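Both complexes shown next keep chain A, but they swap its partner, so chain B is in the first and chain C is in the second.
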Partner chain A sequence: MMIQHRVYISTDKAIVDGKALELTEKGSALLTQIYRSHIGDYPKFFKMDTLCKLGFVASELLLNSEGERNFEPREDRAVILFNRNASLQADTNYQSTIQDSENFFPSPAAFVYTLPNIVTGEIAIRNKYYGETSFIVIEENDEKLMEQNLSVAFQDTDTQSIIGGWLDCTDEEHFEANIFIMEK
Partner chain B sequence: MDELIYKLKQEIIEALNLEDMTPEDIDENASLFGEGLGLDSIDALELIVLMEKNYGIKLQDPNQGKEIFKSVKVMAEFIQKNRTK
Partner chain C sequence: MIVSIANNITSPLGMTTAENYAAVKAGKSALKRYEGHWGLPEAFVASLIDRSNFTDNRYTIVEQAVIHSVAKALESANIDTSSPKVLFILSTTKGNVFLLDKREKGFPQERVRLGMMARQIVSYFHNPNEPIVVSNACISGVCAQIEAMRHLESGNYDYVIVSGVDIQSAFIVSGFQSFKALSPEECKPFDANRHGLNLGDAAATIIYTRKESVSENEWCAYRGAIRNDANHISGPSRTGEGSYRALKYVLGDIDLQKIAFVNAHGTATPYNDEMESIAIDRAGLSNVPVNSLKGYYGHTMGAAGVLETIMSMQAIDDNNILATRGFETLGVSRNINVTNQNQPTEKKAFIKLLSGFGGCNAALLMTKGGLR
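Our next item is the complex of A and B:
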């Protein structure tokens, strides 16, 4: 297994294959800045929770680093991500819409993000990937454990490459992505 | 009615996170779904919540949405007729 490209994003920086992007914003505004300066053709971005925004912009930077995009359907690429806090921010956001019995208006738009694997689906839909998608919640950012899981995924004969890695978010100001494209 | 239409446009932009859009960008007669604003089924559910939260209108039959959400103007007319707050 070999890592081809890597993207790292935290609340105040984004690094693509070791090279830092020129950015001025922080927190969720940083993700919007990346979207506007490097992506910009996917208005659904603005409806996403922070975990999805993070995964979306990180995967876009990653895939742009791979070369020209063709968006052709493919079954040989999996999307397998890991984190510690599942969809905590979306869960909290949704809970706030149902917390007060006097002001009880459950938000469907908030509810749809109350699962961490929504982000793997968003990436797969955007890129027409029909391979495996998984989101695995683990205790900590454990490279060895992640690698073990990814190696199991490669036992599927269809899977030739994986967008994998760490994608964690607790709120709009605290998040980290460290994702990569791994070839078999 | 014009005031309600304008307010409704503002509420729709906020509730549906229609970034970079202003009330002036929304044609009050244009379809909210499909070719018009391009909203989806989750947006439709959010509009149902918006009507209940802001105007006290509870849709008994979600299929009513098809008619009510034809355009901002149709939605405003329905709200004016049925609002309880």
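Our next item is the complex of A and C:
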């Protein structure tokens, strides 16, 4: 197994293969700035919750660094991400729509993001990945434990590479992505 | 070979696998209509477990359901859970999400994190390993079993305890209501008059180990796959793409005549069941009996993949294919063979299918005594 590229994003920086991007914003505004300066052709971005925005932007930077994009459908690439807080921001947001019985307005648009694996679906849709997608929650950001779980995923003989790593978000201002491409 | 050595189902239909199987075989369901429940303005039909079964206030009801289920499974498995060669894998979508409700007191907020919830459970069983929580929407229960197969195959662990759980709350029910996904009556999987799903409470556990060979009475997790539709985050593919691809992978080149039945997801939403009929037909399984257990349990979310795998193993142990409770008239575009009554079988293999939000799909081929 070999790790080919790596993208790190936290609330005030983004680093692609060791090189920091020039950015001025912070928090979710930073994600929008990266979207506008490096992506720009996927308006669905603006509908996403912060975890999905983070995963989308990080995976775009990662795939741009991999080489020319052709968006051909493929089944040999998996997307397997990990975090600590699952979909906590979306959960808290949805809970606020039902907390008060006098002001009860449950929103389907908010509810759909109350699953951590929506982001793996967003990445699969964008890139036409029919391969495995999975989300695993662990209490610590433990790269060894993640690698153990990723390496066994190659037992699926169709899987030749994985977009894997850490993707965590507690609210609009607090998040961390550390994702990479792992080749078989 | 990855072999199942013990299991348990903890549900409104019983606290043991045997009680659950007897109830389902007799056509019983725990689906009931609830009005004004949890202060929700809209009534709903669900399969809810009696909360008074769980009295240990050190643990949330979700944690207690898992602890009960794992403890029951362990009764028939001679393993030491304090060994580092034993791994716990939990499957859940919402865990302790009810703790986000500001009216909930008595547990620290951190218990809403799935990893913290899982730590309570492994510490109860004195297990030294960091637990893994698979949270892949409604396919989590099969994903967790696939994860278990892989860790055993690689030799990382000698035993994996896979436990799936979800316990319903105002959070989950109101969300599905806002989605207009709930049926106002008992659900009718694959039926022409189906109007959506019912939700259900359950915890279910399977303990897996690795063996050189299997005897004819042992259950083997033969092959599993997870595939994405790459289509939509909350609606299934119109071609059943991910489900078909997962099926194709697990079927490989095996003789389809050996498959007793496909235990589908069969949630009874219009789109899910239609999509599954397309995937099943595309995979060449339109003559194979198909059933869904949602009419007995509702959709038990993170527990579904584990619970329904156990019930399907029980059915084959009893030479039986379970009826699809609630199904009368086929209401999907492909002419698949949905069971409406219990029927005998001599075959020893089945497929468990699941699909979920995020466009994910999973298939698992289980065989009794290997594939002979």
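Side notes on the structure shown:
Note that the second predicted complex is superposed on the first by the 184 of 184 C-alpha atoms of A that agree within 3 Å, B and C clash if a C-alpha of one lies under 4 Å from a C-alpha of the other, contacts with A are read in each partner's own complex, and residues count from 1 in each chain.
Just so it is clear, contacts are C-beta pairs under 8 Å (C-beta built on N, C-alpha and C of every residue); 3 or more make two chains touch, one makes a residue touch a chain.
Given the structure is predicted, the values throughout are model-derived calculations rather than measurements.
When the two complexes are overlaid on chain A, chain B and chain C sit side by side with no clash.
Of the two partner chains placed by the overlay, only chain B lies in contact with A:Phe46; chain C stays clear of it. The partner that reaches more residues of chain A, of the two candidates chain B and chain C, is C. Judged by the touch definition given at the top, the superposed model places A:Glu147 against neither chain B nor chain C. Looking at the shared chain after the overlay, A:Gln95 reaches chain C, while chain B stays out of its contact range.
When the shared chain is aligned, no partner comes close enough to touch A:Asp17: not chain B, not chain C. Once you line the two complexes up on chain A, you'll see the smallest CA to CA distance from chain B to chain C is 7 Å. According to the touch criterion, the shared surface of chain A, contacted by chain B in one complex and chain C in the other, consists of residues 106-108, 112.
Here chain B touches chain A in the complex through residues 16-19, 42-43, 45-46, 49, 52-53, going by the rule given at the top. Touching chain C in their complex are the following residues of chain A: 73, 75, 79, 84-86, 88, 91-92, 94-95, 98-99, 101, 104, 106-108, 111-112, 114-122, 124-125, 127-140, 142, 145, 148-149, 151-153, 155-156, 158. Chain contact summary for the complex, chain A toward chain B: residues 43, 46-47, 105-109, 112.
Those residues of chain C that touch chain A in the shared complex are 39, 41, 93-95, 97, 100-102, 112-116, 118-119, 130-137, 143, 147, 149-151, 153-154, 156, 170-171, 174-180, 225-234, 241-242, 245, 249, 356-360.
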